[in-house]
């Protein structure tokens, strides 16, 4: 489901807009080569961000947005001709067209705060995406989702049916989905599922100072009298909640907050942080290297 | 060492100012009893804060600042006559006079950022304290401290001499010190030391989302690409870094920060957070219950 | 329109919960009198906040939440018997029952971000209110509103019809509305309208550092390169945008943000700030004195 | 006065480090030309940031840090050979060597909070500068300054002596000073003075939401019950306090803060904001265009 009025305008404005993302070992000449390549092909650079972790033996990261007349027709040519440049510097790279709107599947369970924030930002045009489906292990949020004419699939998950459920999910999404957003989906994904969408599954979870690992974190944070409630959004890896961090934020609390109050604040931080992370992914602003991200924010 | 110009003015203004702190099981009538007591004794309430964790079977916390004509002469009488009220409600309580300036020992090692922030807030009159000594296991900060005419004691600590060193520290502080501030003092205190200054030792340490427990936390936070650096100030208990949290704060970082940059941000957050916690303690704003604090901030 | 599931539970939990709000010139004995009154009438204080602007000749503000068995039946008695206490101290005061859910009219024009945030917080149970109507000078948001089964009234306003339009609005709301929320309603209310809902109309508007008074504030903020975008929620008075401030917040921006980006941030801050202000009003947490507020937050 | 231990290490590490800053009308080929130039001359790009206000007819801004073997000897050559590139694109540009430590004059009056923060950060090595003098229209801060062995000049200013005082100041600074920091210097500079140090004078002042222009801003902010206190650091232009904004920040306050409390918060925000602005200037991170800045932060 696209947000028609927003998307049409977006696609018109970004007809010739491409994004080039590059990661490679740093060495002199990379920027010169890339910018010469773009100039020689008639590209007009709109924004360019780069980062080097360490001038001696570090990694180089770059994101360039550029306009190229007749982009769609020339995309293959550009990709083909950039390959030797990329190869020379051992680049991990990709070029994407801005108006290839990313197709998103949102996974939920019973809580709706993250889902609803994503829907609202999508509706407001702040998230430009094609919301192809919402998948849930519970039926609770079906009405909200269908109100927006987005397909809702209820796929229950138990310990016994988990493998089966994932098979159904993957089948539903096959060739239809570029990004999976776990918007408070309370099931652990199998390594095989994670592998199928490497660096394309975004999760949100609470985070505290100090961490309260394990069950009932809000209850324990309350017992300890924490002064700050946080949330972390990250790419999902095989290592539960240990994947590359995309965004984090916090909100102050004090003794006035009971456990319910802490949870309410937590919901608020979670929906804000997840929406930012999803937005940056949709705009190809995130480069992953090892277990960390470089985010070229706007 | 007091900051004479500031302290004199403070003591003049607070000549008759007292602070009553109360914790007890909640039940009807507590506030009525306390406020009647104060009214009957001619006290004028300046500020009053209270908090109940749970109206059913919860704990009640209260802090009252009041002015009482002729306070110093009447303090004993007030304390004696409040005792039966306190007893009736099983209160844990204390009354302190605002112009009994608290005597503080600051413990440091080699890093000076927390020490210097405390010294300057003290100089600016934002921290009203009698800085009776700085104790260090290293000689590095002697010059800074003596510049302010504050006694500096260098007491080296090794695994072998630790018990001895603590004995010397306790002796130096005997009857001289109301609060110990660990301003990046990189030694673990023994349970006996902690016990001697229960809820009167404040520590500062870094905190991250997620936590990086153990060695080289900044290095590991960098590897993980954290987006937020935090610090936590807490009372020291036998459980290393697990005592009641007084204050926390954070600052955003991103991929531009190298390990040195993360540490610089950490220093900045640490000095801010520690100074706030110390200030609240000096003003008797912190009530400890179990492993948490109620802080009645101004 | 109430949110049935949330409201029912709320009313059950708050069956005997009352809120007493008091403003008066400070003098000794106020707290003792109030707490004695409550204790003598069998009330159990749940939370109590107070504030004195200046112990000498200042104003005293207090908010007490208490439970009183059989509250609804005894409310008249309590009010009657508190009157002499109030009179003795020249109190401006009111007692309200928590489960007298406040009835709210939301005024909008074309922008929906504030409206939608209020609707969703209401749906999530974070705002407990009876949304009796949405009034707009444009038809654009009718569909969204009616989706939630809330009556929508389209009352166009021009320079000529303004008096007439306000008459219609006031008639619609007569005896039906306790609070008017201007959720980006782009019309100035007449003094007569403001007077009819004194301290019961909440507005939201952008605020910048420095202020950009007049037309096209975002364009001018962009020209000046501001680093912070803010929003202010306030009670409406005859003085346009000069009423008592309830809440403010900001978000950082930088040169990456174009005018559209600044506006997007502005929308985000506005919806957050307005929802907080409305929530505090609904919970009787705001005391107005002169042109400022005292907010006893939770 | 340099901070010898810090500066020596800094200069060693940055022996061959240069910074190129460019502003010009945007057009294709700029980045390619610059990066080719740097590559052809054997430079290794350390960090590079760029920004375009608008791809159609906008302005282009760039900051490149690079290492060039034998920088000091080759600086003239680089400057000479870059000139034709710059000319082709109508660039406003400069190249500076990182280890040409900037010489700073700090102007103060009676308040010391900004001065002291700058001194502390300088001492900690967070601000790398040569503090050549402190100039004041009052003698109050002489002791603090001379404690650090920094020359202090007391130049009183009255309405009558102002022109004379500025003449003395300019003479003292002649060829000695690269940056003037007004660290709560409570005198207005003449247009001639401003002109002599265009975009090289940084000021700090309070800022509120809403603005309180004129006398006694804290008193008026208190009367209005503001919830946020801010500060703005900017370059000084002929237009008092209207110059290009470099940095802003805020801190939350509430009704607990009296006027003194608001001022204390104000001092805290001011010292933080000014130190950041000064640091960015020292590292050549600020590009001014019209009345706004582009800051390439680290």
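A, B, C and D label the chains in the order they appear, each numbered from 1.
Just so it is clear, contacts are C-beta pairs under 8 Å (C-beta built on N, C-alpha and C of every residue); 3 or more make two chains touch, one makes a residue touch a chain.
Note that the structure is a prediction, hence the values are computed from the model and not measured.
Trainee: What are the chains that chain B and chain C both touch?
Mentor: Common neighbours, chain B/chain C: A, D.
Trainee: Would you identify the chain whose Cα-based centre sits farthest away from the centre of chain A?
Mentor: Chain B.
Trainee: Averaging only over C-alpha atoms, locate the centres of chain B and chain D and give their separation in whole Å.
Mentor: So the centre of chain B lies 36 Å away from the centre of chain D.
Trainee: List the centre-to-centre spacing of chain A and chain B in whole Å, with centres computed as mean CA coordinates.
Mentor: 42
Trainee: Two or more other chains in contact with one residue: find those residues in chain A.
Mentor: 51, 256, 297
Trainee: What residues on chain C touch chain D, complex-wise?
Mentor: Within the complex, chain C contacts chain D at residues 51, 53-54, 61, 207-211, 223-228, 230, 232, 241, 244-245, 247-250, 254-256, 258, 290-295, 297.
Trainee: Of all residues in chain A, which touch chain C in the complex?
Mentor: 112-113, 116, 120, 124, 126, 147, 256-257, 261, 264, 267, 297-298
Trainee: Taking the complex as given, what residues does chain B use to touch chain C?
Mentor: Listed in rising order, the residues are 28-29, 31-32, 35-36, 38-39, 42-52, 55, 67.
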